[in-house]
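Labels A, B, C and D are assigned to the chains in the order they are written; within every chain, residues are numbered from 1.
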Amino acid sequence: MDAPAAIAARDLGRRFAGRWAVRGVTLEIPASQMVMIHGPNGSGKTTLLRVLSSAISPSQGEVRVHGVPAVEARRRIALLSHADGHYDELSGRDNLALAKELGKMPGSVDGVLDAVGLASRADDPVRAYSAGMRKRLAFARLLLKEADVVCLDEPYAALDPEGHALVDDVLRQLRARGATVLVSTHQVRRVAGLVDHAIRLENGHVAAQVPAAQVSPAALAAAPAGGDA
Amino acid sequence: MKHVWASGAAAVLLLSVGTYIGFFHAPVEQYMGITQKIMYVHVPTAWTALLAFTAAFVASVGWLWKRAWTWDYLLESTIEVGIVLGCLLSVQGALWAKPTWGVYWDWDPRLTSVAVMVLTYAGIAALRSFVDDPVKRATWSSVASALGYVNVIFVYLCVKWLRTLHQPQSSPSTVDPAMVLPLRINAFGMIFLAIFLVALRYRMARARRARELEA
Amino acid sequence: MPAGVLTGGEEFVAAAYIVSFVVLALFAGTMIWRARQEGAL
Amino acid sequence: MEIASQCLLVLQKELRHLWRARARATATATFALACLFLFSFAGGLDGDTLRDNAAGYLWVGLLLASTLALGESFRVETEHGALEALLLFPVHPVALFLGKALGNMLTLLAVGLAMVPFAVALFDAAPREGVPTLAACVLSGSAAIAAPGTMHSALASRARARDVLLPLLLFPLVLPCVVAATQATRLAITGDPMNQLGSWLSVTVAFAIVHWSLGALLFPLVVED
């Protein structure tokens, strides 16, 4: 019996009051695979990512990470979500130091600060950071954790061109480290070249699951030119 | 549905019989005179209000343990009925205290505890109205309800202690056996009425949740 | 315990019963009406 | 063990955050002092009533100020999704509760102790039972308010109309401990001939124990999504 899948979801569903944001999703992502999740706004990308990373619990079905229920495997999962999760009054460095101590994270604070280009502003309160800088700090915390399973929710959003290059670089680093990666994005053409598989979501259901090379031309064409709208 | 209407009918019957006996057959209490007759509606309301809040506590523990929607419907209905009965009890308490003590509110530990419970559960009803997600609404209001119910013991003790420093105990002590009958009839009457009200409100909660949760 | 502090006191007894049964009747009536409105009856 | 160490780290973060945002803490304390003034005018300015009511004014003022501090303590967590990030590290919810509740307790204690000298001056309420006893009353009262306060600010911070919801949920709940703390403080100020102060203090301690343990038990349910 080979190793259990990095992420295994069986008939997954999550509803908010009357609406099923995600329903009937069954997928299995082997370890060290990099998968892109794309689809129109409201197709359930963010909800699916938050359920798979155990940020929110499923209303139906179950998520297993490396054979263990996701909630118990949080130490091995890292999520970059829209909300950056920082404390405004603390400095960038303090936020990372807190995360490192609380989550017993292996990475080095100064190392990740350099990696995301925030070394010069590390000691200013996050309250003074721009949206792009807050996102870089969120990336720094993600790198600090060195998790086996990494979920990125629209990583390119709110970043300048250098930021986009940073995201590409992070994706390559994750590939080199053999992490299992899930990326939800609208940058379909750009990310298709960096991942192994692509899953297309349409109003809460998996519409297509193909190797990255065969992503449909329509989807590629649909990718917006600029950042993640 | 038949048994709900039956419970309502039983309530009306019992309350009328109990009140009739209480007024015309039970002896007039030697010390308190006529005002003691308020007891036949006041004490049953008190028991039923406490029963309703206890049912709300059971419902919240039920939801936190089993996460079955019936507990949430029960919580929603017992809160509403409990609040109305609690408010009614406070008004009755005032109408009883004025002729007996010359003041509308004499900080009787039991009455004050019920009044604080009404405030607590009114806060919980407000919480329920400000949370949109049904699951969170059920869980958070159950947590608040459990905390609020456990707290009532402290409220009773503190008020009772605070009062014994200032005023002697004010509740009637001896109850003439002839007075027990109307009291008990009315008590069952009020309980059946509460069951009728809770049952209706339960079905309303179920209908609302069905509309809220339909895909 | 003092006998009825205020002579009489009948009006308070009457008030207590009237208020109680009016409130309960109104509450029950509106409950039935609301239940019917929401299709729960 | 892990919960204890995480709890201390959360507390450390709370205190560092409070220090960095100390302007807000002083504003809360100033608000509490304004309450003291307000109540003394409301209650009448003659000496005896002021001294007798000093304890009540102190505690109601502290309770009103506590809603500001408690509301802020979870606005910080939910505004940018920090609470969710912590839970994903993972931080054990009980450690999160204990850390935040201790932080809130220390805030309330600081505001309470800051009010004491003003209360003593304004109401000529020099504590006959001595300052340590008065401080003990403020400490036990703050501890008793902090636990249910933290619970309900966690609830209210994620519901709508959070600023009205927190006091509405909290005040009926902390009523017994405010009654007990006020009585203990009043006896500390005006003298305690029949030494009842100890028993009133034990009521607040019992209240604190119940609500700290219930909080630790129920907090994970509040933060789960």
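Operating definition for what follows: a contact is a pair of C-beta atoms (placed from the backbone, for glycine too) under 8 Å apart; a residue touches a chain by one contact, two chains touch by 3 or more.
What you see is a predicted model; the values in this text were computed from it and never measured.
**Q** Whose Cα centre is nearest the centre of all Cα atoms in view?
**A** Chain nearest the centroid of all protein C-alpha atoms: D.
**Q** Once you find the CA centre of subunit A and the CA centre of subunit C, what distance in Å lies between them?
**A** 60
**Q** How many angstrom lie between the centres of subunit C and subunit D, each centre taken as the mean Cα position?
**A** 40
**Q** Based only on mean CA positions, could you tell me how far subunit B sits from subunit C in angstrom?
**A** Spacing between the chain centres: roughly 13 Å.
**Q** Which whole number of Å gives the spacing of the CA centres of subunit B and subunit D?
**A** Distance between chain centres, rounded to whole Å: 31 Å.
**Q** Two-or-more-chain contact residues of subunit D, please, as numbers and ranges.
**A** 224-225, in rising order.
**Q** Strictly by the criterion at the top, what is the full list of touching chain pairs?
**A** A-B, A-D, B-C, B-D
**Q** Considering only the defined contacts, which subunit A positions touch subunit B in the complex?
**A** Touching subunit B: residues 15-20, 59 of subunit A.
**Q** Can you name the residues of subunit A that touch subunit D in the complex?
**A** 53-57, 74-75, 77-79, 81-90, 94, 98-99, 101-103, 105, 125, 134, 141, 145
**Q** Once bound in the complex, which stretches of subunit D touch subunit B?
**A** 148, 151-152, 155-156, 158-161, 164-165, 168-169, 171-173, 175-177, 179-180, 183, 203, 206-207, 210-211, 214, 218, 221-222, 224-225
**Q** For the complex, which residues does subunit D have touching subunit A?
**A** 6, 9-10, 13, 16-17, 20-21, 76, 79-82, 84-91, 224-225
**Q** What residues on subunit B touch subunit A, complex-wise?
**A** 132-135, 212-215
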